[in-house]
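In the two assemblies presented below, subunit A is common to both, partnered first by subunit B and then by subunit C.
Showing the complex of A and B:
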């Protein structure tokens, strides 16, 4: 009853039952298992080689993000600024700050700083990269969680309640869609800076407000999608049956509607995450995102002037963003194809 | 039809009103001390007690709705703005004066608009010119190796964040390989020197065009594949029309309807936010201006650019809805 879309499951279990009634006492060697649509999609996904490679890359990034402090201490690297002539090139005219004495094109790699150092500050690039990965996934992950929760709740309510509630929620959704995201982020950035720039909690305030901005302008897609699905589901027989037996509305929403919305939710979440990773790095690149703690986007914008002479500095964070966003996107695409074979390219 | 347009126009005005109010409120309640920037500047960072005077004269001591009324009145007929003891006039449409250099925001915006419009129009033209023909070609060769290679390589390009793509284009073509055509990116007025205008913006157009064409190829291909499967296309083929005529005359017309809609919205978004493009290619347009205003906490400029972006988006949505109703006769005006 809860799963009318599970055509395969229904077919397979009825078949099993027929067998069962044919041989009431006989035990079948190999029982035919009913598989839910999600299981079918999962088995399809596992067969997709590109998707598996992408999943491995994503898993790598998640592990790096989770264990970032342990990785940096195990490798003995830190994000601290080391302005000394031991690691940076010095000359008499301009003491202290120059290109690092490690990494191409002028020096070889060394084991102590495998990814080189940052010019002028002497901070370790590997430590920055690992911490940047943590920042990126922390912000994108939290924003995805909040945005999809808000989107699901509003979409479910709008679609199921209909009438005035639907009209109001749809208007708010359309209203938010007319506000350009980048400009909104730009608008909110100076206010956060204005308010917290002198306080100790600046770095945290920055992260929280960034998550807030991303979530605030990310929920509309999910809400619209869910609303559309609910509109078509709520007229179906199983919902009618649930209403007739007097199931409370919140139970209908959670137990009857939500399981049928798994596919659109999984798809939209898997495509929201890379968009937020890209947005976080993009805002940091413009200097209005995370500036208080290490972030890939911030390193990219700092490294642009060093492209010709110390390209390593720029390539590393760029590779991080591109690899993570690319594999998340391709994985999201593969998940969509697996869940809905009709959209197969 | 007329009633529909009027209705959409009215709802557009309501949304614009709400957006402007939201922006105004955000700047009213957001900063701890909005008058600080202008006070610091005029007293050479010895603001101290004098902040009260600035707050009073900028209207921050009044109720927000009163000041919002003043702001709207300023847009309609102009108003005077007091920075401390100095009273500055601000002609209609008054979006305020910059906290950093007293310049009227609207005047500055007008001088920067051509740059932003040049970038957006050139980029959009390029991605349509590339995307639609490639999409049609892919749809006609659907299922072949070339089609598959094209679709997957475009999927990869469109999965990379745009600003990194643009940054890489600039780093390689301008900095590393020093291609003379792209040596000096930036905006140079068209009327002064058309050749320089073109070469300054060409790289930005290429970045926007190549990146944007990937999604247009996808839309066009998808829509074309669907249309080519229709019965009337089979009829056209059966009566012996040349295949180019079938595709371009019968197929393209209906295949382009959804593409035009997406293009309208995209173009609005592009106009409203070419921030990355302008920042990377050193183009002094509205996006870069907004960004610099953010760095220097020049609130009137940030508010004005946000309002500009929202207005452009609302207008482009409006145009899309109306054009769509003309292109697709099945849309009902109710």
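Showing the complex of A and C:
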């Protein structure tokens, strides 16, 4: 079977050979041996320092998200509701009414609450930050998974089948692209509340609906991209050859086409993830995100009025969102560069 | 009276949750830099003999422009006096542009609001059983055109209030409809023009300058109702046709409308035709007023705190709790706390929660201070503990304590009460709350925590913040409402009589009786008290308030509401209006 990136592979090995030319023969032979395009890309990625730093940051957030309950209990903080007047100043005659009795902004560092307490609720900021990270990644990760799966399946089908099927799928894709995402999200949120508010599964329903909304309006880009790629691959000799020898269609799609689409898929996924993290925070800020569990967007929307008096409260979740989105974006860029050397700067 | 603040609209539903009482904390540093406010004017007297001009305010000067910011408050939709029932619109128009039969004046020494005549020469003459009121219109009052205001124009203005379909948000829908004769058959001059010719519930005599109103029932509070601008004149004929008249009404107060953009800006300028001698309570000090509706709360706070030239002649009708401390430090006396004559309640369903012990347990389980704090109020300042149904400032308000002392958050006591009623294993509470706003969610979180500590099991039903909780609470067929056994209500008085509080909340079948309280003997009292001699009524309402609480405790008063107004350095006489719960626009001036 031929491979569109085969040429690149050859060029790369040639380059490798030159590079290793003054090294012992054994190593050189090893280098010449089969390295898949992905392996080559990975080796390029590893050499990219910025990408590695970003990967470390992303890994950090993923670990925090995975082990959130353990981290909070190890640090001795929790997201349990506390009586707000136990930890906040509720006496209007005292200075700092409405603000924490210990820690920032008016008192020194408090080891029990390293990132301070939230005004109004008295919630621990660190615990909420850690749990917020979990919510953010859970929602963005699931939405990315669903959106890319849907996008890949539809894109593959449309591109390969062509004809009426392609027309219908393309129409649906275009149709979804015309729906304003925010408007749809604002419309769906109250419907979900209406439907599930009397049941026990409200918190879950809210999360699922949010993932659904994000995925529903996130798959079109992938679908279009994949369809375009498939259209150009469909007429290539290796696909024709596979058809001629009578390979079943699903096998052609999975074994012949899909491996050649790894690059665009990895790229779109790595760029979709940060977009969803930001979108989730944005929706929470607008009051239509999750409410049952802590999230960065929620904290940001609560903290905005406190900017001048208690800036730390706003900076913490902002830092989380900014760092995660920035690292994911830069990492996505780096992956794209590694996979597609033609765009390399 | 309604509050139309966007936040309050959200909070009205939430307000019940939002609101609760704080038990005056006495933590360290008591009396540090004085969070104590002087109680602004509370009780309301009457002075039927007061005549214009209004006594000068000490040190007052003429000239200057006063800019008023109304954070998060869209203000009135139109300026038609007949349609004005919001605190914001009424307080501005009644003080500055539109006169009515009677009005309130602030006593500069005591801070009390006094009911004084306005367009009428006195506070009206009633027959023996208060079923017919006659007002004599003063001769020297004029429109902004310079034309005198006639009795016919006053009668016409009052007749307009019969038209509930044309003015659906006006106060006439409540008081004209319930108390004026003929309101049942007559739909008003615009909806029912044929009947208008033969309508004789409101009559006038232009020569004797009298307006006579017939009541369908005993109505001793007509003089208070006369202080609404809906009980004022309107130009005859086409000139006052709605909705055009609402966009640019003809003024008759010390100021006239220069421009009005709903939800944005209202500019008022001096009305040179206004005769000070004709008006017992209004002043004309500033040259110009600019009202900025729906201002951004955080930006307004920043401006008021900055102390720059612009802020010196500005004022704000509310501040945010996160800046309360800064305001107190920076503004001192120029931060005015004003009682809003409102009480917030929890309403346990009288048909489902039958034991008084359980209702009292709810009162002890409500974590007043924490819930206020979570909902962005300043405990003890913008929300204070409530003991009775009637808020401070109402005549006859009783200082009784249903359990001997102020009920505060006390989970142990709540548990004991539950055990007494036979619910050692907990009691299920079903309640709705507004979701989609951090404020209401945080308040609900605190409420739930307190309830659970006190031995209740709380099932919550989230409602999108865009839907007022009242639409659920007042709809008997709503599927969520059917499940609830704890609701709430937030009620403000329209004038300082128990008549505007108790029956509206506790009469069998009343719309805002969200507790579904129903006791025949109490309903009978509601009918009887208005027939008592006028001077005995306030005490009777106060006693009834206490009796209801002690015998039934059907609704749990959680808080009395206060507002905070911030005044710029050069605004003279920074005070509040205790009758409306608004800044005292009548007496403000710009100091040099």
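Points to keep in mind about this one:
Heads up, the rule we're going with is that the second predicted complex is superposed on the first by the 303 of 345 C-alpha atoms of A that agree within 3 Å, B and C clash if a C-alpha of one lies under 4 Å from a C-alpha of the other, contacts with A are read in each partner's own complex, and residues count from 1 in each chain.
The definition used in the following text is that contacts are C-beta pairs under 8 Å (C-beta built on N, C-alpha and C of every residue); 3 or more make two chains touch, one makes a residue touch a chain.
What you see is a predicted model; the values in this text were computed from it and never measured.
In the overlay built on the shared chain, the residue A:121 is in contact with subunit C alone; subunit B does not reach it. In the overlay built on the shared chain, the residue A:308 is in contact with subunit B and with subunit C.
In the superposition on chain A, A:282 contacts subunit B only, with no contact to subunit C. Judged by the touch definition given at the top, the superposed model places A:193 against both subunit B and subunit C. By the touch criterion defined above, A:184 lies against subunit B but remains apart from subunit C after alignment on the C-alpha atoms of chain A. Residue contacts after overlaying the shared chain place A:325 against subunit B, while subunit C stays out of touching range.
Of the two partner chains placed around the shared chain by superposition, neither subunit B nor subunit C is touched by A:176.
In the superposed model, A:298 makes contact with subunit C only, not with subunit B. Comparing the two interfaces of subunit A, the one with subunit B and the one with subunit C have residues 189-190, 193-194, 287-288, 304, 308 in common.
On the subunit B side of its complex with subunit A, the touching residues are 15, 18-19, 22-23, 26-27, 30-34, 36, 151, 155-156, 159-161, 163-164, 167-168, 171, 175-176, 269, 272-273, 275-276, 279, 290-291, 293-295, 297, 299, 302-303, 305-306, 309-310, 313-314, 317.
Interface of subunit A with subunit B (complex): residues 174-175, 178-184, 186-191, 193-195, 274, 278, 281-282, 285-288, 300, 304, 307-308, 314, 318, 321-322, 325-326, 329-330, 333, 345.
The touching residues of subunit A, when paired with subunit C in their complex, are 81-86, 88-99, 119-121, 189-190, 193-194, 197-198, 202, 287-288, 291, 298, 301-302, 304-306, 308-310.
Against subunit A, the residues of subunit C that register as touching in their complex are 22, 25-36, 297-298, 302, 320-326, 367, 369-370, 372-376, 378-381, 435-439, 441-442, 445-446, 448-450, 461-467, 479-480, 483.
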